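The same subunit A turns up in both complexes below, where it pairs with subunit B and then with subunit C.
The block that comes next holds the complex of A and B.
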């Protein structure tokens, strides 16, 4: 194998993109929430590593939905808690 | 062709992508006026709005009922040879429980390995990939004799088998003692390689007892010299015009490193493995896919929305959590709510020791104390604005 596995190309992995601060602000004000209320994703998640996101970044996930065709979802990057 | 002005209006409408696509394909090639178009679009939007779930609706309870009721119709215990591939897979209720419990290892892990273009259409090349994946012990590659007189185990490598399996005899001879030491953690032996006759001799360090010799012979017989340790069997099948490998046993990470494997489509039924190799979003998709196919196989039709809700809840916190007291139900904020679900006394005791406070914001705790629950109309507070003057 010449290149490392790119998880983002896998069919089960939807698109992950880091959101800019501006986008995060509009998202939070639109739903009237804080970042803590978003679902989480760990900093060492393979998809997070692939897009090189840092802790406290918000990631936009564009899923291919069974019902809507295309659905957006958001996750906050957090540190994996120690066992 | 759909007029551009209609296309733009559809794109701007507050509808899901799928509905927009359906609307576009429906209107394709139809002669309609602006007024008619407006009427159609308004109707679609209104219809869509009316199908949306209302605020304060208890979706979790609906999902639980919708999965639970048909679940009673499921086969209690099934060990099935799914499809024509003679691979054993757990199905029915046991499998569904396994998915919801987020077990680290399913009882029958399997993989569906897709191959890259060049390999997928060629039976021989597909077979080659399968040799590299299927775990093969040393005894499949030659004769193993235990020489009691000399106190040694002698392996004669069969070069024909090696040729068929595309591995050099030398590789096997070097790998076998190394793998006995590294993988099987047995180190009390010495080995000698005779390259010319493709023959390896293993001698135990302690030659006093026969027990050691037989123990060594057992290790030599069963050491894996080709393939990936966890994958016990591989079946090559032709499906929809390409060769696909089905395996018994799963190891996504190592399989991805084998040349010829399509790393974009290959999947496993081990959800926690999908989570660690591909990430939490892949795990969410895997839960939906596995639950749907388990239910579908039993002829049970459950709306995906319910399963999506379950999968979303399980993957909320970045890792796959089970539905149960060690997962979602056990991490609820409210003490009373946790106590209502399994091991009541422990929860109440721990909460008392930790001086926990119950905010009474959920449903269960309000039912317990006899207050109106905050669901549906119960969640709406009446607000009156006092007219100024």
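The block that comes next holds the complex of A and C.
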């Protein structure tokens, strides 16, 4: 039996999706930034593992926001550095 | 300005002996500093190659003068190696994880891979002492390993087994260094060391760098004696011992003496690096003061980082005690004449202002009265020479002034200055005010600006800073003037408004219906810019009368429409609106107060509904004017009746005392009854609680109710003629609870939200029987502050009071540190033009400020738009 919990189904976990290359390009040009200027997320983050994202992917996170109703943010998947 | 650079990486490493010798410009061998003529000894600690501090001399290394030469390092060749105290932890770890014979890591390659991970495995960790099992054999050469003991500060020893007994064998720094040298480079990487920049043997010093003299300048005292820096003193010690060590070594001294000297050298080098190491007596100055050596220069609040790099000192600032002045505008600050005469603003002379500036120069450095014209202290010629203005040369200097000169003019009324009170916790802690030169020796401020500074007048001091350029003044005025900061970004409401007496005064003025004669109205409105009296409200005995609401309406902007409930509103189920007996239904129609009482909710700091509406409708400047008018009107209103409080204001009549006593007696009986039920085992526990907890809760509830009841009895007797009631109802200060405790009953004292239970066996004090659960035995105070406490009550009160004091002390220090850490993390973030929050490097923190891009200052208590308020102000009705 697969007992692994899919964190994405939990109410407290916001929606994570991998962005296509095209979407990433428009995102970067919209904010006039390079990928290094994006916020990061570790490759071993449970949500990242759940959507099977790889290092250098960009993830779109859609949250229910207290102030705005719906807020989008974007994160670049990075390797967790050694301690 | 140089373009900003991005830091690619920072590398931390150790200085190798080779590097130390390479960067050294001189080998230092003499412990002496200066000869009898005051000239530095060659190869001494003050050698001219190490840089110069005396003006006139030139550096032998770079040939620059004292002001330009940055200083150069020298070095001392140590007779024997010594341990660097900063690396004892690392040395201990390295000795314990490597082989004592071959120097390899005490783990097989597989074991290393298991802990450290392979090249692209991301879960790896550094090899630590725990990964190596104790006293194993080396997997590479088979050598049996020994236990390494470390004794603070710098002693290492091996434990040998000799004839069945454990024997400690000391390791000299030279032994340790030999072992560390044997560790191969490949084995260092899993340990977290980069052998390119940090070979482990470099943690054992064989050569000691001598810092440049510019880092340890000697100062010349008044009596002409030289006083050396602490570092120099320590270096002298090191060189002396080093020299003696060498001589003894060359003379072939016995091993015991060598060891003693070695230890002494180790002690001096240790304290030179860090004079606060555990297990090591600090090196002291002749006077007994511990020396401030290298580590102490960097560490702590006054250290190089927190004290010199992140902390700065400024000119053009002053500090003195503050005191209140209700006659000043909130945008002003009263500056004492002595301060105004000392502080200056540079003004560039042009053909347009030359005559005024000549006159200012002629006025000279002293201003005889506060209303006198400002003078000047210095004038600056185009070649940057300063001419001091003094009594004798005023006219001569004034005549010399030409366009291109600068006059350092004294402060005068209307100058923009920055005013600040520590701790500067939010942006309103520094605001720009306009100067008003006043008599006295204190800074004056309108008490209405106390809330943003969190200031009071029990001896608080504040700082004043004078912006020196046109740009700075313009920025200060436009961005941080008091007018611009009436709204707090914390909750989007006004933080400046009436406090204390302003609230009491305006409450007494506007409560109910009162009539004033012309004299009274004019007295109240003396300071406002009223041009016409409003139409009279009534005429009696040929005297004209105006109502109190008319008087207040004079300071309201016309066209102001709003409806709200005052703080005295009791939230009745059906609101009687205009007919409210408390006069709590406030209705303003076209700038006229139709009904209701003005109190904290309307004009108070942090609440201020009227202030808030004026800001939204007319802007910040009009709101500042309103607050000015309000403070003046309310102070006059409170002076019209007078306002005081005394011990007899807590007096109750016999009937009330009887009622209170009865309430308390009933409560005590009720408590006893419940205890009896409990003792008989009849008490039904509440869900999730034990029987004892249930009983405690019931007792607390009964006693709490009794206390409230006494308050109501007292409140019935003390009406709005009582000033404490006025203050409580209007929201100016205090609450009905305070009044209850003064006149009625103080109530239950608690520790951690429970009745007081600590003390002796089964009882709080020896005055009670063991196991007494009654109200008196556990901290219920049935007397009032006025009536006086009995000894046991007094003791319980002290217990409860102490808890409160401890809580506040702990809370302030904890939240202060929390705030410091948060500010450190957030200080350089800014909102970019595209609405994103970014670091200075352009990295995005938030894609939209606050996720909705709304400025909390401009929001209406959290909502982007105050729909209700706008609709109400247009339809002029409550919706």
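What we mean here is this: the second predicted complex is superposed on the first by the 80 of 83 C-alpha atoms of A that agree within 3 Å, B and C clash if a C-alpha of one lies under 4 Å from a C-alpha of the other, contacts with A are read in each partner's own complex, and residues count from 1 in each chain.
Here is the rule we go by: a contact is a pair of C-beta atoms (placed from the backbone, for glycine too) under 8 Å apart; a residue touches a chain by one contact, two chains touch by 3 or more.
These numbers come from a predicted model, not from an experiment.
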item	value
First, second, both or neither for A:39, with subunit B first and subunit C second	both
Touched partner set for A:10, first subunit B, second subunit C, both or neither	first
Which superposed partner A:68 touches (first subunit B, second subunit C, both, neither)	both
First, second, both or neither for A:47, with subunit B first and subunit C second	first
Touched partner set for A:25, first subunit B, second subunit C, both or neither	neither
Which of subunit B and subunit C A:80 touches, first, second, both or neither	both
Greater residue coverage of subunit A in the superposed arrangement, subunit B or subunit C	B
Residues of subunit A that lie at the interface with subunit B and also at the interface with subunit C	39, 63, 65-69, 71, 80
For the subunit A and subunit B complex, residues of the former touching the latter	1, 5-7, 9-14, 16, 39-42, 45-48, 61, 63, 65-71, 75, 78, 80
Contact footprint of subunit C on subunit A as seen in their complex	31-33, 36-39, 43-44, 63, 65-69, 71-74, 79-80, 82-83
List of subunit C residues in touch with subunit A within their complex	117, 122-126, 834, 836, 838, 841-848, 850-854
In the complex with subunit A, residue positions of subunit B that touch it	16-21, 256-257, 259, 263-265, 267, 274, 276-282, 285-286, 288-289, 304-305, 308, 312, 315-319
